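Consider the two complexes below, in which chain A is the common component and chain B and chain C are the respective partners.
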Partner chain A sequence: MVLAAIVGATAIAAALGLGEGDVRRLTAHGPWPQSPARDPSNAASGNAAAIALGHRLFFDPRLSVNGAVACATCHVPERGWTDGRARAVGLTQVERNTPTILDVALHRWFSWDGKADSLWSQSLKPIVDPREMGASAAHVAKLVRSDAALACLHAKAFGAPRDRAAVEPERALVHAGKALAAFMETVRSGRAPFDDFRDALARGDAEAAARYPAAARRGATLFLKSDCHVCHIGPAFTNGEFHDVGVPFALGGGRVDAGRFEGVKRVRADRFNLLGPWNDDRSGVAAVKTRHVEATHASFGQFKTPSLRNLLHTAPYMHDGRYATLREVVRHYSELDMERIHTHGEQLLRPLKLSPSEIDDLVAFLESLTDPTAARMPARPSISGC
Partner chain B sequence: MLAKALPVLLLLIGAPAVAAASEMPIFDAHVHYSHDAVTVVPPKEAVAILRKAGLKRALVSSSDDAGTQKLLAEAPDLIIPELRPYRRRGDVGTWVRDEDVLRYVEDLLKKHTYVAIGEFHLFGADADLPIPRRIVQLAKRYGLVLHAHSDVDAVERIFQQDPGARVLWAHSGFESPAKVREMLRKHKNLWADLAFRSEQGSGGKVPAEWREVFVEFSDRFMVGTDTFVPERWHYVPEHATFSRAWLADLPREVAEKIAWKNGEALFGKR
Partner chain C sequence: MIRAAAVVAGLVASVAIAEACEPPSGFTPRGRLESAGVVVLFRTLPPVIALGRHFSVEAVVCGDGTPPALTRVDARMPEHRHGMNYRPTLASKGGGRYVADGLMFHMPGRWELSFDVEGGGRRTRLATDVVID
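Up next, the complex of A and B:
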């Protein structure tokens, strides 16, 4: 009987009211979950002791200058690894929304502006940012050296320090970044309702596909018809690149957030980029993107395309958290202000002019991309002997 | 705490530094100061940005024209006014069929002095619609340059309507250097702005195919920022720095012409 429900792509599309090519395009958003490859620029990637060290550091407020701010202050597991605020607050408020770290191992560039080219180099930046954790390399070195459990994990992850150079502050900071990255690579989301639908389409199982809610199914076709999938592409629903989607980026007081334009400048000037001495990838492959990245005029005011997975856990939205709900985000695209879009900039963009019911459908589709179990505290890894 | 990235704070006061006296002056041939920009970057701040960027002059058009007039009043030595046929930037896609736009342009031409009409968006056969035709006629009557964000077809149609027209080709139509050269060879009254283009000078180096065109037509190119949203006013100094970097890769005489002398020659002597 199950076999009888297995049909071809054309038949399943007809049965579910999908358009020509929709099945192929929707199945391209999977399979999920993906297994990210080990980061070749981080020798600690996948290392159990480094993951355990990173876990401890992530939740340890002593990493900040005043002992009050941890990575987890803003990346709260139960809030989808964000903080629920429009703009993050570390030692002081910053101008951007906290991005989730769910599935961050799949990213190519890090932060809204891509100012880091590896997860480990991104991870050490908030530690020394005076507005976030305000610490220093020396502070990190002292913490890791003085705490027996941290020192033990550090020794297991990176080798016991053989001389003073092994615990020099900059090395300690980089090790902290690499351990944090190793931990964050393990923060992954699981399957969402959409994934069951997608897999049913892939195997031609019309009966299983029909269990996906009709509103979400209509939203999925709208998502394709509106070309959202061009940037929100693939299993993670992002191309990992940078775009200007008409979101204002003035900060007030004669200031702007230049986004990717400044991100490129920063990543190229970053001592901790993949062109620098701390990259563990000796093949040189990982650094190719950094060697060739260039800002253009269009980069000014561009921000990274976020994944659309787990949005129910990660409100508010956009780089500055200006939209509290998914409905507001969809309305942004429905009523897109073309006055903010350069004619030869993002040519894909146009007002979608959605009806209220279409907005409902698109929201239903977006909601179906959330793993309901993703917002939870992970188990603390233990390493024998530490 | 992964990534509450430090946003880039481009402070109006203090950064970037005032352009050094030795820096190449820039004639910015593509500046807009539209209704929302007037609010976000008031005229005094806008003029301060232009001066800090080391601009010699700025060809400014606005939607609506009030922005241009406000800037001109603030810095008549710096601002060269052109008339954009848009009351709001949203007119970009509808102006070619909007009689009210024509009345708007005619009224302002009687009221103020301009050097150009534009930048307007005009593509293909739309150039032969009655309202764009009338704009070409008005430019001829008032002796104004037409600043056209157009494809090759529309530029050709403008010259068919008025072989004596002078056209500043915005963004050089986003065409290849070979096509830009072909058009410049064909039309002696065609100038080319390079606004919102990066490839001719990425990394401070001019590719060979662009270098040939710049040398052959050194008296026809201009640079421009294109402040199409208010925030882009804070990009004017960055754009000037970018322009100086790649212009330095050209012979000095060619670089000076593209940087400012061509703009002065076409618009500056008022």
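Up next, the complex of A and C:
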């Protein structure tokens, strides 16, 4: 059995011109899709009424102070759950690029700086952020109480409060976050051309593997050879941690975006973190990361490694949206300015000095990680009785 | 138990430390490190360290004379020049036994797992390689 598998891997590598170990390493970028586990910190995770409530809230601009901004204003389904802008605009300008929420349940930390340690606590932040939706816990409590459909779903998802007016604002805000998280857990991408290639490699099916375009296949080898997979690892192509890849973090006016350095401080000080009173996980396991996370001077200017799935839907790229195309991103890695990488930083990257055809190949590989059907409006779930 | 054994061994002959440092029953060490009269036996929980998953390290420390104390468990990737993004907490369970919680290896490659041991006015660092695929 084992011998057959090894022979298979060697044979298929030879047939496709892949290097030793490439088959094993490429296979590690799957299988896809992954089924995320229930979030133990959110008792509403997986709850049908909570998912329906979260779906409504996500598209409801009344969640904002002026009734004009919804989550979906920036996370637009048809744009791969992003907004197509370099930097987001809510009530005012935001300093960072809007990330997709596709497959967001697989992440360990949320936001570019990881300032949230759960999907539900991340979801509260834009509601009360004056730049994004500018509302308050009291505003959310009032909305959920005053709208019959929302109130009905809320009662089903979280248990009916004896006196509706008694839902304290903070609890209403947390419930909104947990319902939004339950909904976003269902926003997942499907298979990309790469996944068929990956599965063919795993089965030892050289014929099926050969259907993957040659340029993308060369790009895949280049991706491994360039050590991209050290950070962009696993089925979602991210290690879920933070790095400095030489994207400038000056904001102008003498200000900087300190990235993970601030993110760690914020998550540790966050009243809604997993060490706080709203974590539903009694085992303590979910909070291990928060209890132990540490900022060092290397954290300065580090940002979360993004997933590389569905990039064709989510331009522009990087935490500040500075690159409009994947070609520009690849050129960034090819011409890397080592001066820009923080001196306390890790040593992982070097300018790749790729030829134009190598850049084409790497771009072809990155493009093959997109599920063409991922940028669409999901059906609205209905819950009987509400 | 372990500490008593180590002390006795220390009285008899310090060269015998290596034999005297026995794992407690039910403790199957993943590794044994020895330097300058200090022995560290350790295992991890879970036994297989997975990329991007938190794990704990359980250690038993023995040494010459007064039992040495384990003061820090840490890890680095020397080639990449970075450490972990998490600071482990260390708790003494008595009898030279310790548990470090909250370690996590976030990248594939070679990690150096280190144990700082202090005793008799000396600090010794014992380290071992762990390769994550």
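Structural remarks
In the analysis below, the second predicted complex is superposed on the first by the 372 of 386 C-alpha atoms of A that agree within 3 Å, B and C clash if a C-alpha of one lies under 4 Å from a C-alpha of the other, contacts with A are read in each partner's own complex, and residues count from 1 in each chain.
Rule of thumb we're sticking to: a residue touches a chain if its C-beta (ideal position, glycine included) is under 8 Å from a C-beta of that chain, and two chains touch if they have at least 3 such contacts.
Nothing here was measured: the structure is a model prediction, and the numbers come from that model.
Partners chain B and chain C, brought together by superposition on chain A, fit side by side with no clash. By the touch criterion stated above, A:R131 is placed in contact with chain B alone, chain C being left untouched. In the superposed model, A:L348 lies in contact with chain C only, and not with chain B.
After overlaying the two complexes on the shared chain, residue contacts for A:A15 are found with neither chain B nor chain C.
By the touch criterion defined above, A:I101 reaches chain B but does not reach chain C.
In the superposition on chain A, contact is made by A:I233 with chain C only, not with chain B. Between chain B and chain C, B contacts the larger number of chain A residues. Of the two partner chains, neither chain B nor chain C is touched by A:A155. In the superposition on chain A, contact of A:A298 is made with both chain B and chain C. Touch criterion met: A:K289 reaches chain C, while chain B stays clear of it. Shortest separation of chain B and chain C in the overlay equals 6 Å (C-alpha atoms, whole Å).
Looking at chain A, you'll find residues 294, 296, 298, 345 touch chain B in one structure and chain C in the other. Residues of chain B touching chain A in their complex: 1-13, 34, 36, 40-41, 45, 88-90, 92-93, 121, 149, 171, 174, 196-198, 202-203, 225-226, 228-232, 234-235, 238-239, 242. The touching residues of chain A, when paired with chain B in their complex, are 69-75, 87-88, 90, 94-96, 98-99, 101, 104, 110-113, 115-116, 122-123, 125-126, 129, 131-133, 184, 248-251, 254-259, 261-263, 294, 296-298, 300-301, 338-340, 342-345.
Of all the residues in chain C, the ones that touch chain A in their complex are 51-52, 54, 77, 79-83, 85-89, 101-102, 104, 106-109. Chain A meets chain C in the complex at residues 108, 229-231, 233-234, 239-242, 288-289, 291-294, 296, 298-299, 345-348.
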